[in-house]
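Take a look at the structure set out below.
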């Protein structure tokens, strides 16, 4: 079988992570996974949300957006529509939850880091790119806190990265682009730590239900993909000095 | 280990499904899973959404709500707040997606069925109860269409039911109530067909990441739970005549 | 003349009030007036609204909602529409005002009771059922406060109950169901105390204006209806122990 | 007993109705009831609302607003707040309902008249002034339709006017100003036709419940007040020529 | 060339400013510039906005509205639409900015003055009339503060007035009415002090771009117009005593 | 005098315009004016807005946004806030108006071009950069229409570019960055055509009023700046082939 992208079943798209892309942010990067490009920034706020007052713990949250013309046909600007879609809210809740799973919130102390993920160009897998790139922005912001001595123990416990998998024309494939995603019978996202532990599994039948053996094949693919993403994260952080 | 509920690790809560609870709806039921109670109704609309115009296919969608005092402390009414929360939107998108996976939308024809799931009392697992009960309401509405000859081939392909699982105090458990849910390190929902195929898997680490073997144990539990729910659905539909 | 319901001009529909229907609420009931069914709950909040700060007085307020399929054709969910309709707001203001008329707010002290009235099934007279049932939920919550010694003097001064009347085919009738309501030339609601004093009179010509003698006949009917409702309230509260 | 205004129990405030105050509107007036001043305009739209399409009947609707500084302390502008208050919606629904009761909607034909009532200065009784003045604007717009031959039979069946009454310091009084209104135990509004038939009765206990004999005294006062308002309407329309 | 209004190129429309028109406001006027009529009120609030806390400085802000039937065809009420249009927001930001340019905010002290400008009738130039009339309302409110000794040094540094200019049929004209405004190739507003200094220049090509010499001719016209408006402001304030 | 940026009074910041930055858009560029960076895209829609139906004319409109962390401290995301600020609306109205002034809407035909301008990084002058870059995106989209033969006569009549000027420490300066902008007594924007005709002049006193001679000096600066921007536009379009 041939994937629309011409890739092998277990091939990822080329990954690039360019750091320091937004001058004002405490941490930032532009992550490209093939033609999907997401700007990620991390903003430190010296105030935790009210529900953590006095708890000694911090918070990491995320917001997600997409430029109106990131996609093939222009989407309505959410700010003009007057509300974020259910899809946007679902994605940003997912990003925040995923990133928090890799953070020791007590080591962070009572402050909040807001990770903004804005899709500049979309070609499938934007939420996974946002998580993988968002972690780099978060890592850089944490480095700033450590360097300034504001935080003494590293609040980052491990990498967090995400990749999509799906069943396309009856075959399990890794890292779906838009053309593959829109045809896949089942697809989903796996979020894992650098150590290979699971943070989140979201598999969803869009046209055809799936079996446990298929689910296991998808997990195998995901583990390989995550390892590749973690390497890219490490390189980007190393380059940022 | 003792669960807060005193149940064994693989015990479901008592299930009851009372049909015909809302006089005006084409299909309806009140589902109780322990202390969680959800009113489900299915409304037939003889017009599909605009994006299906001329496609010959129908649509199934869902809306979810919770009475302000369904919970231990009163929640703000979403209608008064002026918008549905991200959580509500995420849940109702999930319910709709799950129910559609069990429907032949071509057999349904160009009409829409709206399944409303309103939580009267909450004690964990409301989205799973909504899916399981929503399917019964949908089944009854389909029966009405078949009986009236409006639809000739049964649009229902199989049961759809959902159950939660989680890792509590290091042990995999089935069908979490609120006390268990709020303490579980990992939890999630499995949505399956009557034939045991997977529709949706959503596992999420809320405090502790999880391993593949743990994920497999949770799937084992879920399969048993779903079978029990499908039996309850069958009984309820049979009673409804 | 025959009413669509087959009832005599001065007949009420069967009333039933089931208490304790919502486990979490301090007071709750399901009131049925014929096919109209409303879930009522009372939630105690140990904080009065800001405008009463330091006044030594409490507040009783109400919110009203209707499940989308409580009616013959499905209504749009207000939470999804993003606002409460003018009708909803008008009704919940009325319920709150009516219940406050039966409460000694100084005896209540600086706390607030929120009465939620959610219509499960509608067949005319939902606002009257909400007031009558809302009072029962309020009474039960007050009993809890008294029993716990949080409040020492009973803040309830008298019953509050409501009934609709109207002029149908030229004849004054009591307790209109939906079929009667939608055809009545004039209709309205009377809210009264257990002692028969008037709290609110709302008569409105929907198609034909009315005279003072007609208004007096409607008041006669209302007085009889209210007496019956007060008896049902007493029984329900007695059963709740 | 002395009223704060120094008026006798059955005294109305001075009424003035200046017509033609808004150049663009088909009918308009500035009504003053004492210090309460309301700008009323009637706008003819050659299209009835969708629910009347093909019915041969027209519609009359109303909108109500208040300038932020119409009152003693500045109120937030509703357009800035992003929604109309429950009070505003309740009032404008009342005005529309009241005016429709005096209109033969079949004679009007499939068109709509929107009556805008904007309070320039408030001193109690703004909804009553809006109804009484709104009727004058409506009457003038109807005259325009008749004169132009667009409508052949007069759609106005009778005057519609409104007045407030209340129980102040134990005494029934007519046409309450703000000082009286804020202290009255019971108050309400009576809307009547020129022939003295009732359109709407809204009596509400704000602090003390009331008896049937009191209700009858209030109706006596209202009948006298309405007669005076109808005279003022007639004079204004006559002047407008 | 003949202007639609029959005026000479440099003719203003008749100006009238009637003060004290809104009993409750600390300063108010009704300004008429030809058929354009705007109600202006100034409300003193003894609390500056949060961002000025502790600064010793006050604030002047403005809100702008238009009655639905101020115009030839009825506009939707912004409060009903649920938001202020971009045009409204742009205008009220302009009014506030202009008035602040004439105020010594330190002399005002930590309080806020809200100037409400509501257009009763529109015939072009409503924002200019709002600024010119808004200044009179502000001046009167300041006089009240001075008289009461709440403020000791006059916070008003100079007059603020505004006039429109444009290029109509190739000719520069002053003070455009609606018919002229809707045909002008270029138009704009000049806001100036009593001393003839510029506060704001807003020239905009709506159909034809313009040259620097044309811009200078428009400025000449504006200077003459502003002088006339300042005289009218002085007379109105003098009359108000 | 020294500008905070160290530039001479009449120095522009370095300009760069990179085209083709957004794969899906019909025209796009990333414009950098110093540290201010704006992503501009032009989207062709084969449907004009309703008010132009049957007119034979097209429309050009613009939307403006800013990433939350484009600025020194994070701004709230407008999509999350549920509305666009007054500032955003004012800016996007300005961009649309400016671009339309350079377009022959009849030559465009009944279609619409939406220009999206999203600020990635802000350092003063974002609206000017958006106009200058937006024109490049528009030009490229028009080229596509011409090349495809959808449009036969070039709808672009001339360049449109914008630059800011202001009075800083008493001296007129060109192209203000954030540090200069926040201290300038007067500032504003000039929008001009390639031929040097004026499209829009917006000068505003933020702290100190200004004189006509100063205004003339600012216009001199603007003319020079616009010429430089037009050269950059030409180069970028030439590069894009």
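A, B, C, D, E and F label the chains in the order they appear, each numbered from 1.
The rule we apply is simple: a contact is a pair of C-beta atoms (placed from the backbone, for glycine too) under 8 Å apart; a residue touches a chain by one contact, two chains touch by 3 or more.
These figures come from a predicted structure and were not determined experimentally.
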Separation of subunit D from subunit F in touching-chain steps, minimised, is 2
Max Cα-centre separation from subunit C goes to chain F
Farthest CA centroid from subunit A: chain D
Comparing contact pairs by residue number, the option in E-F, C-D or B-C matching A-F for over half of them is B-C
Cα centroid separation, subunit C vs subunit E, in Å, comes to 51
Cα centroid separation, subunit A vs subunit B, in Å, comes to 28
Touching at least 2 other chains, the residues of subunit F are 82-83
Among line, ring, star, complete and other, the chain contact graph is ring
From subunit A round to subunit B and on, the chains in turn are A, B, C, D, E, F
In their shared complex, subunit D is touched by residues of subunit C numbered 83, 86-87, 89-90, 92-93, 97, 101, 188, 193, 197-206, 209-212, 215, 219
Residue set of subunit F touching subunit A in the complex reads 22-25, 28, 35, 39, 41, 43, 45, 63, 65, 67-74, 77-84, 88, 114, 116, 118, 120-121
